[in-house]
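Following are the structures in question.
Shared between the two complexes below is chain A, which has chain B as its partner in the first and chain C in the second.
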Partner chain A sequence: MNKSKYYLGAIAALALLFVGCQQGANNSGKGALSSSAAEKVYVAPGEQDEYYAFLSGGYSGNLTVYGLPSGRMFKEIPVFSQFPTSGYGYSEETKPMLNTSFGFIPWDDAHHPDISQTNGELDGRWIFINGNNTPRIARISLSTFETEEIIEIPNSAGNHSSSFITENTEYVVAGTRFSVPVPQRDMPINEYKSNFKGALSFLSVDPEHGHMDLKFQLLMPGFNYDLSHPGRGKSHGWFFFTTYNTEEANSLMEVNSSQNDKDFIAAINWKMIEEYVNNGGGTKMPTNYAHNIYDEATHTGTTTMKKEVLTVDPLDVPGAVFFLPTPKSPHGCDVDPSGQYIIGNGKLSADLTVHSFDKMIAAINDKKFDGEAYGIPILKFEDVLAGTVKSGGLGPLHTEFDGKGNAYTTFFISSEVVKWELETWEVIDRKPTYYSVGHLMIPGGNSRKPFGKYVVAMNKITKDRYLPTGPEMEHSAQIYDISGEKMELIYDFPTHGEPHYAAGCPAELLAANSKKIYRLDENKHPYAVPNPADARVERKGNEVHIYMSTIRSHFTPDNIEGVKVGDKVYFHITNHEQDFDVPHGFSMIGQNTSELLIMPGQTKTSIWEPKKVGVWPFYCTDFCSALHQEMQGYVRVSPASSNIELSWSLGDD
Partner chain B sequence: MKTIQLNYVSGSLFCMLLLLGCKNETSNSDSSLHTDTMGETQEQGQAFIENDVAVPNVLQIAIGSPDHTTLVAAVQAADLENVLVNAGPLMVFAPTNTAFDALPEGTVEDLLKPENKEKLALILKHHVTPGNYDKDFLKKFKQLGQASDLKTTVEIKDGEVYVGGAKIVASIPAGNGIVHVVDAVILPPAN
Partner chain C sequence: MKKASLIMMIGPLFLLGLYVFPLWTIMLGAPQYPDPLGIYIHIDGIRDVNEFDIQNIDGLNHYIGMKKLPKPEEMWEFSTFPIVIGAMIGLGVLIGLLGFLKKVDYKWFIGWFVLMSVLGILGMYDFNAWMVDYGTNLDPNAIMKLANPDGTPMSYKPPLLGSTKMLNFDVQSLPATGAWMMFIGMMLTLFASFIGWKHRNAISANNTIIYNQL
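And then the complex of A and B:
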């Protein structure tokens, strides 16, 4: 009897031990009374957000636009992936945007968006993003919020240390994650070591229209180039890349690329290399890559295949490339707003390594080298080290800055954001994330002038954060208020695809410049219908070109006869609306492509290859007006042998 | 006989309370929209998600083992539960209760004191490798880089694998890695 009391007591003690969790709930309750988290994220109906946030879509291939602090999604911008919602990548005008040297590639893995800068501050003209899988860089207009340019990167594979820009948008930089034979050739995989190369590409950006040009490629040793960031302020003119697999392993990387205690951060003096190539340096190498440009006036993309790339051997530009030893396979490579500190986030470590730019320059000037790798001088770790952040967390990935002397680092394994102070390297605060955070973003965080009010943590794992939706769930993001000494988790929202990094800026930088309509009188599309009277149908062999216009609530023409089975029918549709937010849609029964969504003043083209005789309807897919349901038409399709003449009409009996 | 049964019962309760009790707590704070302390409580996160379908993770395996009560108590004292349920992958070398008992008397009690939390966490992290390798595969290694930021040795003696001097006596695949049961505590090398 006594004995069983004893056991019951033990069970009760265990129970008490774990009631500790419940006390947490009580604390939460108290917090509810004393906090204003809800107020902080509440943007009342009709009110607008304070910041734009552009989250990469990862394997969606796209870029999503959100508001902060509300976490509301405003738009998904198609970039590397076909997007049936608007017809991007399906319409004749946008198909060329997805051309590559491998042919038409309708998907990619979109990673690191970065907003253009002037004098180290966000200027809100364009946003760039990299396609990781079939290496590409895209430029998106921040006035139309549409993809305007995509350039393929030759000699690159796993375009991951991209697409970061220099402080006057002189260059957008694209580094290869996987080293490969350059040029590509048939060779044994196990001869990787010392034969493969890592191409770091510098794409110049035209200051007026933003057009990119692959200016030069630096052919580095065959390491993996993971992430990068530009120098700024005093370090402007340099670019820093983290490396791993300096072992140059080609199999079971998770073991073999972690053998060295330290890998490197590669410091590249791009200004010196730019001068070298401007003076005729470098070697032209035959290659083949696509350069796709979308013209806003013609509403049309065109592809140019480029056949040559200028390569630079780092050994030919002495003093331009150095290696900074950095522990534990560093992942994120981040530079503070002053340009003085370069942070290596050692993903298999607990600590962050902070290098000093001044110390690096001093060591270079004193030629204090600790050997070399493939002829590239290695600086001494102790000579360049500014400090180590002893975080106590596990698996640091990325760091952003608030512009007030603090840095914020994500820790994947310990699932938290850690706030620490530059120069003292002391940890100030840490907050858990839900769950397993990858990137984080502070608006302007990659610039001289961050806006340190919110940090958005982008988590890799969602599990129970939202109502369950089966095994596949959208990733979760969390917003922390960082205006005080301690971070405060204020909101949780689902994201689309898998965000790898994001870029943000104050709303006023973009909102006023956001385009409302395309002017019809500026439409230079070769198949545009400037006036409904010009609407017509023309036959060229088996191609039928329908020059069609739309206005609320009809198509001109809406009855078309004389089309035959076996024809290739082009619907060239011009939206004659000149009112804000009145698109028209177009869809045709049995069409082997997506719908079109045509903005006011725009022309888009869709192909239909009718296979069956009959009278087939088309209609407007966007609820455009009170008479939207009346916005429809018919195409009569006759047998291939038919002699029926082409005819078209609107409102004829 | 009776004692064993009761031990078993209290062990089960131990798990249930840990997994369910804290799950309720999470729901509470989620439903109170006003709270700013959602992130403040310790016992939140992946470790406390109810999940009876997926293959148990390394933490759940340790909790479920009657031979690892000391280890589990230590993990809780060091607040490392959430680390052990991360996507990892994680390879945990799990010393048995007997292994802890072999330490000099008073060592474990000392480490469990709140003021020694950091020291305890370091020792525990020294038992974790980011990776997932079975016993045979481990024979390919000479050393492992541990979550403590320190290295530990891998040796083969008579076909058996010793990590940091501790012998692997059993291995249990986990949902987020693998648990290798070891017969000794792997102490980090002194500075």
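And then the complex of A and C:
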């Protein structure tokens, strides 16, 4: 009887505990919290977001523009991939943007956007992003939100530790993930060790136009250079790269390059190397790479093939390159806003390693080395270590900062974001992500001045977060409010492609500078029609050039005769609108290319090679006006043997 | 009379503002034009509020068969008005000066005010007549020929003053800085006339004293 009393008591206590737990869950879970989260992300109709967020598109090859905190997508900027929506990579003007030393490549894998800086703060002039597969760096204007420049990186492969910029945008840096023979040559793969090289490229950025120039390439030992970040503040002038596969394995890498207990963070004093190069140092090596520049005045891209690159052997610049031992194949390499701490996110461990810049300089000055690798001094782990964050998570990848002394690290394996404090190395908070987070982004997080209000976590696995759409789904991102002591998950939104890193900035930095139209009176396109009276058709052999203009709601001319089967017809179309958000489209039946979308004041060119005799219509694809459906025309195509003269007209003229 | 004459000399100078600032402004807002299109009417021509507004207004108006907004050389008013205003400023300052030198009295001030008012009303009448023509003299081949509920062709005359709804546009027509400066200037001349009138006896009394002394 006594026993059963105890049992009853125990059951009652358990029941109380359950009720208590459930109440707790209700309080901190759905109810009140989710309504306040809704208020935090709600941007009312007609109102605008507080921040821009630029998410890389990964294998879409593009860059997407979102608003924070709403998670609404504003634009997909075509960068490395053909984009039939606008005709990017299809129009004659933009095809050169995708030229490489391998020819025209319609795609790439875009990873790490970074916004230009002045004095370590975001200045909103340009955003840079890397193409991973066929190594390239692109520069995108933040007034037109269009790709203006793409430069190929020779001697590189898997352009992953890119495209991070120094604090005055002196350089955009591109590091190779895969080491390769430099120069490329026919050799056995298993002779990788000590024969392959890892090229770290420093591209100078013209402060006026942003034009990039491959200033020098540092040829490092054949490790994998995974990620990088610039020093800032006191460490300005240095660049830090994480490495893995210091084993120099060339097969079954998942095992063979995970054997060393510690790999390295490579610390590069680029100012010292710059000085060496400016004084005539380095070796010129013949090579071949494409440099593509889009000119806003001519609305046209051009390709220049470059034939030479200046290479630097790190051993020729003593004191410029050091290795910092860092545990377990570190992935992300992040530098705090003060420039003092360099964080190695050891992806195969639970802990984060934080190196001290001051300690590193002291160790270098005292020449306290722990051996060398291919002649490059290795510093002692203990001498440079500032602290270790015992996170309790698994698989740390990337760290961002809020500018208030806190750091936020993603953990891929344990699928969470962990907030910890710099200098005490104590964990403050942790929140789950859905699921398996890669990068995270705080606007301005890669600068001296982060805007620590939101963090966006970009996940690799989506599963059940949204309504199912078959086996293939968009990725998923989460927004957390980080203005308080604890992080608060406030929103989930799907993302396009596979975002890796992202960059963000306050809306007011860009919104006022965003162009509304291109000025027609500044249009320098060689085939532009400055006035509808200049619209005409010209024949050069079998090439037919149609100089066409558009305005609501007609093409000038809209009836064209005298085109023959076998001709190559160029439609050079100038949009005469000078009104915000009035593009015109163009498409021609049977054309083996995409449409064009032509912005006000812009000229674009599309090729059509008519194969069949007949009268073929073309039309405007953008619902431009109430008379959009009437915005059409005809081209008469006659047999190749025909002698019908070219003629063109609009209306009765 | 000295004070009144000084005010009379200053008042017409406010009309100089018409050479810099617009006389009138007409703004056109619509759902798809959250930043409204607009024109400034100056004494020497019509100008954009924001660059390309005239081009865009003309572009939209062609659907309903309206003529393009006139260029300065297409209307005699834009070459005549600056001359008339200039002459009136010169005349006003001269009258003030003569008043200061006691050659003329306050009645001339009133005379200038009345003349300027008559010219102003004529100008408004002319402006309104142009707007009637602009809004009703439509291309018979217009893309959209709209009719009022009673079957008469819809007209698009902007209001002379105030706002009205015209198809999808809210049209607002208001005096601008130039007109306000003209108004202030004219009020000053009226004020000068008033002071002149108020002190007319004092002046004649003074004059009597002076004459007596002579």
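As a working rule, the second predicted complex is superposed on the first by the 618 of 653 C-alpha atoms of A that agree within 3 Å, B and C clash if a C-alpha of one lies under 4 Å from a C-alpha of the other, contacts with A are read in each partner's own complex, and residues count from 1 in each chain.
Following the convention adopted for this analysis, a contact is a pair of C-beta atoms (placed from the backbone, for glycine too) under 8 Å apart; a residue touches a chain by one contact, two chains touch by 3 or more.
As the structure is a prediction and not an experimental result, all values here were calculated from the model.
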item	value
Which of chain B and chain C A:Asp579 touches, first, second, both or neither	second
Partner chain in contact with A:Phe412 - chain B first, chain C second, else both or neither	first
First (chain B), second (chain C), both or neither touched by A:Arg552	second
More chain A residues in contact [chain B versus chain C]	B
Chain B versus chain C as contact partner of A:Asn592, first or second or both or neither	neither
Contacts of A:Tyr434 with chain B and chain C, given as first, second, both or neither	first
Interface residues of chain A shared between complexes with chain B and chain C	none
Complex contact set, residues of chain C against chain A	35, 51-52, 55-56, 59, 63, 143-144
Residues on chain A engaged by chain C in the complex (per definition of touch)	517, 551-552, 577-580, 626-627
Interfacial residue positions of chain A with respect to chain B in the complex	7, 10-11, 14-15, 17-22, 24-25, 27-38, 254-255, 258, 328, 348-351, 392, 394-395, 412-415, 431-432, 434-436, 460-461, 463-464, 488-490
For the chain B and chain A complex, residues of the former touching the latter	6, 9-10, 13-14, 17-18, 21-22, 24-26, 28-29, 32-46, 48-50, 82-83, 86-88, 90, 118, 121, 125, 130-131, 133, 140-141, 145, 147-149
